[in-house]
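My questions all concern the structure below.
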Amino acid sequence: MLITNLQARPVVLLLCLVAAGFGAGCRQDMQDQPRYEVYETSPFFADKRASRNLPEGVVPRGYLRDDDHLYLGKIAGGAGGNNTGAAQQGGAVQTSQTAEQNIVGGRLDTNNAVASPGSASTQSDPNNVDTFPFPVTEEVINRGQERYQIFCSMCHGLTGYGDGMVVRRGYKRPTSYHDERLRGERVGHFYDVITNGWGSMPNYAAQITPRDRWAITAYIRTLQLSQGARLEDVPEAERRQIETGNAPVLPGGQGTHENESGARGEGNR
Amino acid sequence: MRHEDSQTPINFAPPFAALSRVQSIALIVGVIGIVAMLALSFLGGVFGLKQFFHAYLTAYIFWVGVTLGCLGWLMLQFVARGAWGVTIRRVLEAGTKTLPLMAILFVPVILGLHALYHWADHDVLFVASGEGKPELLQLKGLYLDAGWFVVRFVMFFVIWGGLAFFINRWSAAQDREPGNPYYGNMLRNISGPGIVFFALTVTFASVDWVMSLDPEWYSTIFGILFVGGWALSAIAFTIITMILLSKYEPFNRFLTPMHFHDLGKLLLALTMLWAYFSVSQLLIIWSGNLPEEIPWYLRRMRGGWGMVSILIVLFHFAVPFLILLSRRTKRDTRLLLIVTVLLFFMRMIDSSWLVMPQEFVNHAAGRPNTYVDFSFVSLLTALAAIAGIGGAWVWFYIYNLKKMPLMPLGDPLLERALTHGSEEHH
Amino acid sequence: MPQIFHRSTNALSKLSIVVGALLAVGAIFTLLVLDRSNYNTGAFVDVQQPVQFSHKHHNGDIGIDCRYCHTAVEVSSSAGIPPTATCMNCHTQIWADSPYLEPVRESWRTRQPIQWVRVHDLPDFVYFNHSVHVAKGVGCSTCHGNMIQQPLVHQVASLKMEWCLECHRQPELFLRPKDQIYNAEWQPPSNQEEVGLRLKKQYNVMTAEVLTSCSTCHR
Amino acid sequence: MEDALKTGIYGVVAEFDNATDITRAARKAKDAGYTKLDAFSPFPIEELSETIVERHTRLPWLVFAGGVIGCIGGYYLQYWTQGVAYPLNIGGRPYNSWVSFIPVTFECTILLASLVAVFGMFLLNGLPKPYHPVFNVPRFDLASRNRFFLLIEAADSKFDRQGTADFLRQQNAREVVDVDY
Amino acid sequence: MSTEVTRGTDDRIDQYPDKHVTEGGRAGEELDGYPPVIAPGHSFASVTDKIASLALRKRTPIGWLFAFFIAGSILQLLVLSIAYLLAVGVGVFGNNQPVGWAVPIISFVWWIGIGHAGTLISAILLLFRQSWRTSINRFAEAMTLFAVACAGLYPLLHTGRPWLAYWMFPYPNTMGMWPQFRSPLIWDVFAVSTYASVSALFWFVGLVPDLATFRDKSRHWIPRTLFGLGALGWRGSARHWHRYETAYLLLAGLSTPLVLSVHTIVSFDFAVSIVPGWHATIFPPYFVAGAVYAGFAMVLTLLIPIRVFYGLEDFITMRHIHNCAKVMLATGLIVFYGYIMEAFFAWYSANIYERAMMWNRMAGSYSFFYWSLILCNGIVPQLLWSKRVRENMFALFTIAMFVNVGMWLERFIILITSLYRDFLPSSWGMYMPTIWDLAMFVGTLGFFVVNILLFIRLLPIISIFEMRTLLPEAKVHPEEEHKVIEDKRQERGDTPASGGLLPATGD
């Protein structure tokens, strides 16, 4: 086609030759290939996005979310009675030795609960579960701590008093985790709030995976326990150190950070 | 070198006394060589009979190479018509006259067929070993067959012998009738097609005698490599002869540095050509890295043979090449003699390098790809064998050399060859 | 008369040869320098975005973790650009009326994504995976520089292949402990090479031979 | 230059019309003690060069050196790029694949040696030199055709404008002229 | 002395007739009945004037203009096909799986092969003191340069992105990458560029004294200045000649292995792979011989008409024609030997792939081309054994054309028949060149001829100064020679030094 044109019109031919000469200097290389990369625009779709959402109702292989406990945090009649709510020994997570001692049957031991107001909860969905869908290990709690500090601490503060940086800049102050009502909430409630939002809080379903939400939930429980802990909850060996003011710094350099924010939390209260 | 008494006519008869002396030395060396070869094979050797035959084959292909190289050069100089060719013509002719001797000396190779050639072993050929190899050998059996091997040997020698016979006959006739252009034309006419037949027969001979030592291995350049290598052997031998003869009449009457310069150039060219063929073969096989090809080189690139390879690279190419580059070397007979003798000796090492490593392979029959075996004794056996056959060869060669005037008196280019160097044009 | 040239042509002809040779060498050298210049690579050139988003403010002043927005960095080849929803997590209330944020609110209203301008754009024939880098001890700031000091984001490196190879050949010079990955202000310790070698072993970082193999990045 | 000022000319040139005459004249001039002389011919004449040239050129050694540098440099280039700068596994071959490096090493050797041969020759000959006093000789254009010129420079200690010209005339010269500086 | 003296004209030359007029080319008398390398009766002046007049004449011959018009038109085809290629991409070629290398590479190898005769004639024949080289070496060198230029186009365009061709040279790039020196394609880059450079240098060095002649013979100031610049101020000084000859000889010594290496490396492009039909150790010598074969065929193809058109029978005598024919015969036989070896070893190897490939060549889809190749390259040139054929211009020209075609077919067979039947039957295919493949090839023919024509019109196509040395009067009378040389040698006490260009070349 092009060729017939070329032969027909000498001027076009000349222009083509000139264009070819210029074309030789251009980058028509493989830097930008005729395919879409992540986040590239496409003029083809109305929203100009090359990445498409899945069509309605499609479940990708491996993404079938049929475990309500894990994915919704709710089971019909979720309170179930078989669980009296999660409670922990104060400061139990600080060393792995003590943490493992306190894990019974893959779940935090609640027998020794100091404040276990789970059954007193009246506000949240009654279908909220009060158990974790998987065993809570130290690993899970560490993961929860990390995710909490990434996603939650902006508003809720590092210790959960609701005094994060964003709040200090004017965002509506969230309820402190150490509030009586929240101390008594079932774990499913926290999971549900992360997933679906609550009040001014937007949902974080897009940013945090379900398992991470549970990990955060576990960490919130840990925070609640730690803020209500008494000296007696600390193992004998370390208790003396606290009394003498020589508390060991946590491994990984996190301790200092937490201590500071803890101190800040104190001040706010 | 040029004598002042240019008035007395040149006597072209060979220096008989000196040649006879060399003949007796050759005989002594030959006997010592044979005794040493037998001793080394059966007393010090690893494989006895096998080693004996491999060493014998090494020596055979070395000396038949000199013979055939002379034949090739002889035909080439008839076609190319240069003064250099006329000067060395008789020396080359004497070389070609050793062909009957070489034909007889092939008999032991036929006797040792089973010791030498894996494919000749019928047990291996027709008893399946489950490794797939005999199948390949069966496919090749049409060519690699003892009967055909002998038939081809006869054909080669008929062709070479025919060429050598007619060339020598016409050459002698030309001496008798200097004015008759008929013989000159016939010599030229036979040489053109003769070179074609020569190249083809040498190729097939190299396949039969050397390549098939490893029946699995093949390399298409092998024939040319042999043509080049044998031409190098022959020109080296010729230069040595010429330098030694240049002390005596007739050569001391007219040989100038110019003559040796020409021969030196040919030596340099052949050294480079040989290196070129060798490197080409190595590079292609090394890069291809195919299981049927590379073991041949691995055997020769590792261990003791690897050291020999380095020696070959250094003294068969690098050192002679650098020395021969200089114009002075080519004109100084003393230097040229040293380099040429070195090259001639390295041709022997190269022949050993081609044949002897197969000894170990064939010894480990059934597992022909085992390599890295070297015994110094086997290299020495090969050199002893070369000395042994060499004694006979040189004796017979000089016997032939003595029979004719040292220059082709009937060649129309004779005058030009004699004045070559005093008048620069060619 | 055979004399064709003026006396001066002798000097001129020789000079022209020398100058020609120098020019040729100089031109090649200049091209090589230009090829690596910021002008060509785009390094240290601030890129204007549809919204004047400041990493310095959000990351540095407020202390929001990188992963709050770039959620996929640990699990995906792409670090992820936050959807408008992530912005609106806060900006429904904070600076909710700011004219600066109007494009964000508009995107929120119309459900049309904000078209951010890509700063670090590797060629399409390069396969780069964020997750493996952060998992093996390569911090954000190693490639992106200190975000706390970048109000507008720019490249801090040429992104040329030789720059990638610098690290792939000797990762120990750049590796850091995993808890420092998102620390924008991390500085290598004085014994970095020693630490790096330990980390390299600990994190099972591949050998330089593998890391510089073609198919590591070009697939 | 000083001599040129003294005599006002570059030298005297004699024109010959065959190779034998100029060779003989050059030889005689040498014998007569002239040292600064040059001969110009339309083709190379071995005997003339033998007379005029004081010492054999060093060019072969320069070329040899160029070749050696090219050889070592070529091999090192490959060794360094393939083994040191960016070692890559290519088909399982060793980094120092000396067999594969033969061709390029060879080409580098030839290239450098050739460059030295050509540019070394021009350099030693002082070319390019488009202007030369000898071109002032009116019939010098025939030096590239069929005439032979012998020049004795004024800078020669034995030079004497009249005497030298006479000397040249005796050598069967067709014509003897002064050469302007 | 005034500079305003009228330039020598051809009229003036008659006033100073040469004393010695030759009676016979001294390099000519041969004992085998072949004619001399230069016809009798020439002098320095007549040789110079005759050759110079080919280029320095005022009027351009009509025949030249006609040829230039035709060749120039064909050249446009090349320009068009390159433009189309750049606009559309390498898909315009017919190459596709399984035949990924086809006509562009075939043409590349064909041209490179043709480019071999020039350096071979110049260098090898110089070293072997073949005086017949003198009349044709300049022309053959120019042919080499243009053929290499044509050849160079193909790999460049075949990459698809010729503007990035500089990536093939080692330089510190931002990718940190270096050429892959284990690849024969990079060897090719080095070989071809070295060959092009050295050939150009060799050609230029040979031209310098003749450019001086042209400078001295041009009457108009523009050509005089241009030739003057090209001549670099050459004045024929004995000192200069001395170094010049040394350099020329050294260049010849260097070019000889170079010219062998180039086609060797081209053959490695194929041979170091493991494709049946390519992986053959005989490829290097066989390719080199093929290249020389093709080169001499092209020399004859061009020389036979030019010789007649410009009346150069005195300089390009029957002796040259004979010798070219003989070289063709010799190299043709080597090539034929290569075909035989390929076939024999395919059978001898008992390798099923080799055997299948060979069988496919002889009896497969392209068997017509294989047997045409055998005819063109193997059978027809055997006619050259006959002296009568070698003396017949028409027959020689026809045979040369056969060889030109045959050498193209040879590369076609090597490439296509080795590739079109892949190891797996599922990957079998056929190959047909597209119109653009052929257009580009024909276009390079135009490019080549245009260059040749310009060269003939502008520069000395025969080396004038070397032709002068062939004349008997170039010789210094013996008593002088002997005296001068012997005296000098005794003075210096050394061995004979390098001599005249022709008479006593060394190394």
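Every chain is named by a letter (A, B, C, D and E) in the order it is written, and numbering of its residues begins at 1.
Here is the rule we go by: a contact is a pair of C-beta atoms (placed from the backbone, for glycine too) under 8 Å apart; a residue touches a chain by one contact, two chains touch by 3 or more.
Here the structure is a predicted model, which is why all the values come from computation and not from measurement.
Engineer: Of the chains shown, whose Cα mean is nearest the mean of all protein Cα atoms?
Structural biologist: Given all protein C-alpha atoms shown, the central chain works out to be E.
Engineer: Quick check: more C-beta contact pairs in C-E or D-E?
Structural biologist: Comparing C-E with D-E, the pair joined by more C-beta contacts is D-E.
Engineer: Using mean CA coordinates as chain centres, what's the gap between chain B and chain D in Å?
Structural biologist: 44
Engineer: Round to the nearest whole Å and give the separation of the Cα centres of chain A and chain E.
Structural biologist: One centre to the other, that is 76 Å.
Engineer: Let me have the rounded angstrom distance from the C-alpha centre of chain B over to the C-alpha centre of chain E, please.
Structural biologist: 35
Engineer: Just curious, how far off is chain C from chain B if you go by their C-alpha centres, in Å?
Structural biologist: Between these chains, centre-to-centre, one finds 67 Å.
Engineer: Give the residues of chain C touching no fewer than two other chains, as numbers and ranges.
Structural biologist: Counting only residues that touch two or more other chains, chain C contributes 1-5, 10, 13, 165.
Engineer: At least two other chains touched by the same residue of chain B: list those residues.
Structural biologist: Touching at least two other chains: 283, 287.
Engineer: What residues of chain E sit close enough to touch chain D in their complex?
Structural biologist: Residues of chain E touching chain D: 1, 3, 5, 7-8, 16, 18-20, 43-45, 48-49, 170, 176-184, 186-187, 190-191, 194, 197-198, 201-202, 204-205, 209, 212-213, 215-217, 228-229, 232-247, 250-251, 254-255, 257-258, 261, 264-265, 268, 465-466, 468-469, 473-477, 480-481, 483-485, 488, 494, 497-501, 503-504.
Engineer: Which bits of chain E are touching chain B when the two form their complex?
Structural biologist: For chain E paired with chain B, touching residues are 26-27, 31-32, 127, 129, 131, 182, 184, 257, 260, 264, 268, 271-274, 279-285, 333, 337, 340-342, 345, 347-351, 385, 495-496, 498-500, 503-504, 506-507.
Engineer: Chain A touches which residues of chain C in the complex?
Structural biologist: Those in contact with chain A are residues 62-65, 67-68, 71, 77-78, 81, 83, 85-86, 88-90, 92-94, 111-113, 115-116, 118, 123-125, 179.
Engineer: Can you list the residues on chain B that touch chain E in the complex?
Structural biologist: Residue positions touching the partner: 81, 136, 139-140, 143, 192, 196, 199-200, 203, 207, 218-224, 257, 261, 265, 268, 272, 276-277, 280-281, 283-285, 287-288, 290, 292, 325, 327-328, 330-332, 412-413, 424-426.
Engineer: For the complex, give me every residue of chain E touching chain C.
Structural biologist: By the definition above, chain E touches chain C via 2-5, 7, 171-177, 215-216, 224-225, 228-229, 232-233.
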